[in-house]
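Below are structures written as structure tokens.
What follows is chain A paired twice: with chain B in the first complex and chain C in the second.
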Partner chain A sequence: MTQQEFNTVGQSVRRIDSYDKISGRAVYSVDVVVPGMAYAKLVPSPLPHALIKSIDASKARALPGVYAVLTAAELVNMETHYGSDKKDRPIVAMNKVRFQGEPVAAVAAVDLATAEAAAELVEVEYEALSAASDLTSALLPDAEPIHDSNYCHEYGYEWGDVDAAFAGCDRIFEDTFLFPMVYHYAMEPHTCVVSYEHDRIRTWTSAQHPFLVRAELARIFGMQLDQVQVVVPYVGGGYGSKSYTKIEPLVAALSREAGRPVRLAQSVEESMKTVRRHAARATIRTGVMNDGTFVARECLSYVDTGGYTDNGVRVTERISDRIVGPYIFDNVRVKSYGIYTNSTPAGSFRSIGGPQASWACESQTDIIAEALGIDPIQLRLKNLAKKGDEVRRGKRPLEGDLAPKLQMVLDKFGWDNYVREDPSPTVKRGIGFACNVTNSGASPTSTSLVRFHADGSSTVYIGTTEIGQGSRSVMAQIAAEELRIPLASIKVIGSDTDAVPYDRSTGSSRSTTLMGLAVHDAAVDVREQLLEIAAKHFETFADQIEAADGKATFKGESMTFGALVREMFGGSGGELMGRGYVTQNHASGRLTQDPVFWEVSIGAAEVEVDEDTGTVKLLRYVSASDPGKAINPKQVEGQDEGAAMQAIGHSMFEEMLFEDGQFLNPNLVDYRVPTFEDLPGEFETVLIEFGDGPGPYGSKGVGEGGIVCVAPAIANAIFNATGVRLRELPLTPERVWRAIEKSKQ
Partner chain B sequence: MRPFRLYEPTTINETVATLSELGDDGKLYAGGTELLLAMKTGLLQYDGLVNVKTVPELEGVSYSNGTLTIGARATHSTVEHSADVLAHAPLIASVEHRVANVRVRNVGTVVGNLCFAEPHSDPGALLLLYEAEVDIASPSGTRSVSVEQLVVGPYETSLAGDELVTRVRVPLLPNGMRGAYLKFGYHHRPTLGVGAAVSVTDGKFLDVRLTLGSAPPKPTRMRDAEAVLRGAAVDDPAVAIEAGRIAAEGCDAIDDLHGSAEYKRHLVQVFVQRALAEAVERGVK
Partner chain C sequence: MVQINQKITVAFNVNGGDVEIDVTPETALVDMLRDGLLLKGAKRSCDMQVCGACTVLVDGLPVSACTVPAFEVRGKSVTTIEGVAADDRMAGLTDAFIDNAAIQCGFCTPGMVLAAKSLLDRNPHPSEDEIKDYMRGNICRCTGYKKIVEAIQEAAQKAVQG
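Here is the complex of A and B:
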């Protein structure tokens, strides 16, 4: 299919949820009211690490208006722990607390004020244990173990003869890089309403993965999947913070205890104690030849998963998968560990392990270039993987050449013609570059249902959560395209596990690629049924009929799709149903390998550094987004720029600070997220559309790439400006100033 | 947040009488941008809040006879956009424009800012530059103190529990004196604010005022640093460096989320020089 043949695909159509959101009609979890609903308040642990000696909730229970207090004692006739890979998280703390803010109990009451008052009446006696809230202290031999040990997970891989290769190369570089703990700051904090009834559980929640929440609740309470309903209204941002299961089991248990529906609407402060990104320490050793050829790489990473595993297993693996960079090495040895600490549990966050890995490997690429006296771009081009190369042995080969993609960014940036102009002797400018490819963690398990109505309109059922990324619009575009009907004739029904068919999750940049294929196939299924009906009507073969503009046409005679449906049912009503199944064995043959696709990330930055204060101004940033085919170009740009903007946070100032387990900046006044003031002076996204993705029309995912390369690009630019190399994020003015001062000594 | 009762007096007398009655259980409430945040986290708890926004006498910004008056109800936005401020003290308007964000400026008041005495604030150091004073009402009468005396330390003022600041009086800078105010920081609240006002004759500093905010525990006039400048040549960089050094040394900075004390003292040094240069330049123009 050539580009001109598309109707809505490839166009930046207006989002189909825009009216809902602008008018205020959009329903979010916090808007859900269930008759008889109680309001919940958590009782958080003030201590980061302690044994629970006793809990006395009698005063709280005696307070008028209190329906129930949930403590570990109430977790009976049910599974008590949950978690995506390791079920190590108790629904409320049992025997021990492992981070400050961990819920020890929860209260359900007639209103929030009563619940808050009751929460203060819950008396908990603790025996404090020594706390380790960073990697260094948790790894000390005499550190107090947080679980059985402080090691959560271990991962690694190796190929070639690494030791021999290091012995034979000209130069060896070894550097250690630190990445901070950061918080997602989705505008909507975690919010959940659950009605636990003897034969069913109804849940309304701000979850990215409703079907995984359903499975977890069914397991915990011993119900079948059909007895558990999870509805996800609009979600005010996720970024991974609402992946897997978060507060739902607690609210369900509290609802069971209270005998009525319960709502828990967290504050931002509480959500900052619910989930965060993994801090990391990564050491990279790279052996090279003097001509710049990369020979061997060895990496050792530690990621800090906080008090519980949450997504720590996968993040431990993904940092190792992503730290080798987009280069060809014949000899690689990579190892990583997930470590428990007494801090907020760490889960998914836009490109798990990606920014941490790229911070290390792409900073070191420039260190090597400088030491060898080779231009950093030339060094990259020399070692860059090409189409068909296995950047990670045994995994899916790259679907396209990287060099031309890099060049598009360099051209847009004007890299080759850059002329440096320092505003003053102490205010300096410089440019920096970084790139990587990340293996998407998307599992190919999606289904979709398309109902086609007797008037020619259609309802599309998807399990993808609309978290602001615009999935509903893109799915509508794909359906409209394949059904040959206008976009305005499509309605998309989002996540309600009682209504929509299964989708594994909304994350890993997977929805357009995988759910997009499911919707595509379901719509094609309907179109084929319409053509069959038309073929009968016109007494010809289906392939003789043209389907366009909501009509089937044969030899100049037309019939609307709606009329075809009515004809089939012999009356005024009826409808067709189309289905799309996406599995590893999808008919396209493009989903058999892991990963489903490689997400490309490229960034170029220009900075201005005030050496007197250490202030770094981001003058320009050019990012690349490689959707293969942009089904809605504006939304792709939005994803890319949003991701880059989020990365400006961890690059420049975001950092959750803990001291002996005490969370020092647990609110948005003390924890600084980027605002419009922090936009780069010039900010652009290059769209790369080579049609090389496995999704519909050659598309692939883009939600994460923009976040991956910002930090190393900025640090490389700071080096270019000042000659100072920073190895620890965020690049706060004080940190930059100190590095400059040190370099003067 | 624990429920509280909101009192809506309509006169100054009624306001202070209500305050007096409530004692420790009550507090004045202006924009609430400090107070309600602290109450939401449970840091502060009051049974009654007394709204200053319902008292017409406390409204507005006005100018007469060389003095700007900022009422207790005047928000940062009101001051930022006031025609009187723009005409007579544009520096104040430009600093107010950069306080917080537009949402906070639209409800938060200048007086509320002073009375909360959070060290990381702009109005204190700015108003010290003008030698501003506040008028205070209580059930037993009225009194006035300088802004310098109002703020005594972090979150601490010299106000009694039943006292209400009714207005700030800001005398314009004396003839020939030009001011500058520079702020620095990457958090929502400033890490440092430096105010400088200078008059220059024959290439020498005639009069100088230097003020410092956010880095020290309270807004501070840096009189020792001023002293080395008076009479010194404006174009001698060594003098500004020396003034910066003295100010930095005298700055009682602490390590906190904004940075180490050492870094803050370095910033004081840098920004005293920059603020002086900017004030001088404004005088030349």
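Here is the complex of A and C:
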């Protein structure tokens, strides 16, 4: 199909949730009111690491208006722990607390003021343990173990003869890079309402993965999947913070205890004590030849997963998967460890392990280029993986050549013709570049149902959560395209596990590719049924009939799709149903190998550095988004711009600070996120549409790429401007100034 | 139950209509609007006057409803997103947000639109820098801001042409 033949695919149509959201009518979890619901308040641990000696909730329970207090003692006749890979998280702390802010108890009361007052009355006696709230202290041999040990997970892989290869290299570079703990700040804090009933659990929650929450609740309370309903209203931002299961088991247990529906709406501070991104320390050793040929790479990474595993297993793996970069090495040895610390548990955050890995490997690429006297772009091009290369051995070969994609960004940036103009001898400008490919963690398990009504309109059922990415609009565009009906005739129903068929999750940039295929297939299924009915009606073969504009046409004679449905049922009603199943054995044959696709990330930055103050101004940033085919181009740009802006935050100033295990800046005043004033002077996204993805129309995922390369591109630009190399984020004025001062000595 | 007996009656105008409602002294404006009047468009997020999700207009000026006591709007006019959405004269602004893909998760959108309305009421032709400066009290974590700036520019442009 050529581009001209599309009706709605490829157009920046209005989001179908636009009016809901612009009018304030969109319902989020914070807006949900269930009749009879109680209000919950958590009792957080003030200590980062301690044994719980006793809990006395009697005064809290005695307060009029209190329905229940949940402590570990109430976690009976149920599973007590949960977690996506390791079920190490107790629903409320049991025997021990592992980070400051961990819920030790929770109160349900008639109103929030009463719940808050009762929470203050819960008396907990602790025996403090020494706390380790960063990698260095948690890895000390005499560190107090947070779980059985402070090692959560280890991962690694190797190919070639690494030691021999290093021995034969002209030069070997070794550098260590630090990446801070950062917080997503989805503007809607985690919020959940649960009604625990005698044979049923009903849940309204701000979850990205409702079907995984359903499975977790069913397991914990010994119910079947059909007994657990998870409804996800609109979600006020996700970025990974609402992945897997978070507060739902606690609220469900509290509802069971209170005998009524319970609502927990967390504060921003409570959500900052619920999940964050993994801090990382990554050391890379790279052996090269003097002509710039990359020969061998060895990496050792530690990621800080906090008090509990959350997504620490996958992040430990992904940093290693992503740290080799988009380059061909014949010899690689990679190792990573996930480490427990006494801090907020770390989970998914837009490109898990990706920014940490790219910060290290793409900073080092420029270090190598400088040392060898080779242009950093030429060094990259010399070693870049090509189409069909196994950029990670045993994994899916690269779908497309990277070099032309890099060139598109360089051209847009004006890299080759860049003329540096320093405003003054101490205010200097420079440019920097970075690129990577990341293995999407998308599991190919999605299903969709398309109902086609007797008036020619259609309802599309998807389990994809609308977290702002525009999935409902894109799915509607795909359905409209394949059903050959107008976009206005499509309604999309999402994220109610009682109503919509299974989807594994909303994350890893997976939805357009995988749910998109499911919706595509379900719509094609309906279209084929319509053509069969039409073939009968016109007494011909299905392939002789043209389906377009809501009509089936044969030899100049037309019948609307609605009329075909009515004819089949012989009356005024009836409907058709189409189904789409996406498994790794999907008929396209493109989902069998891991990863489902490689997400491309490319960025170029120009900075201005004031050497007297250390202030860095981001003058320009050009990013790339490689959707294969942009089904809704403006939404694709929006994903990329949003991701890049989040990365500007973690590059320049965002950092969660802990001292002796105490979280020092758990609020939006002391933890600053980007505002309008942090917009780069020029901020562009290059759309790359080579049709090389496995999704509908050659599409693939783009939600994460924009966040991956910003930090190394900026640091490389700072080096270009000042000759000073920074290896630790964020690039605060103080840190930059100190590095400049040190370089003068 | 925690009893707060002191009640204050707040009579004010919201979105063009007069209302009267009893609140307690410590009730925040955002709670009176959301829980008392079921105007759910204003969202609570940072709770410390930083993020702008709870922005509403009081006598035409943007305030953070999370930190304004409800009783302070006695005798004043409050505009919420529900009022903007119902006002045909505001279609230029809301359409510009929609057409420029300046909305993603939508949680910041009501506050963002009200802040933008206040800006354009005061300065119908803002420069890009003036937009960034005026809007800096409204955080959006999804869009990266660029498309919101473009939306406000388009709304200003269309108002000139219109």
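General observations
Throughout what follows, the second predicted complex is superposed on the first by the 745 of 745 C-alpha atoms of A that agree within 3 Å, B and C clash if a C-alpha of one lies under 4 Å from a C-alpha of the other, contacts with A are read in each partner's own complex, and residues count from 1 in each chain.
The working rule: a contact is a pair of C-beta atoms (placed from the backbone, for glycine too) under 8 Å apart; a residue touches a chain by one contact, two chains touch by 3 or more.
This structure is a prediction, so every number in the text was calculated from the model and none was measured.
By the touch criterion stated above, A:Gly494 is placed in contact with neither chain B nor chain C.
By the touch criterion defined above, A:Pro376 lies against neither chain B nor chain C after alignment on the C-alpha atoms of chain A.
When the two structures are aligned on the shared chain, A:Gly65 is found in touch with chain C, with no touch to chain B. Of the two partner chains, neither chain B nor chain C is touched by A:Gly562.
Once the two complexes are overlaid on the shared chain, A:Ala26 sits against chain C while remaining clear of chain B.
When the shared chain is aligned, chain B and chain C each come close enough to touch A:Ala117.
Touch criterion met: A:Tyr185 reaches chain C, while chain B stays clear of it. In the superposition on chain A, contact of A:Trp737 is made with chain B only, not with chain C. Touched residues of chain A were counted for both chain B and chain C, and C has more of them. In the superposition on chain A, A:Leu657 contacts chain B only, with no contact to chain C. Under the contact criterion defined above, the residues of chain A that touch both chain B in one complex and chain C in the other are 113, 116-117, 267, 667-669, 675.
By the touch criterion given at the top, residues 12, 14-15, 17-28, 30-31, 63-65, 109-111, 113-114, 116-117, 184-189, 234-239, 267-268, 467-470, 634-635, 637-638, 641-646, 667-669, 673-677, 679, 683 of chain A touch chain C in their complex. Every residue of chain B that touches chain A in the complex is listed here, in rising order: 1-3, 37, 40-41, 101, 184, 186-189, 257, 259-260, 263, 266-267, 270. Looking at the complex, you find that chain C touches chain A at residues 1-2, 4, 39-48, 50-51, 53, 80-82, 85, 94, 97-101, 103-110, 113, 131-133, 135-149. Here chain A touches chain B in the complex through residues 113, 116-117, 267, 269, 612-613, 615, 652-653, 657, 664-665, 667-670, 672, 675, 732-734, 737-738, going by the rule given at the top.
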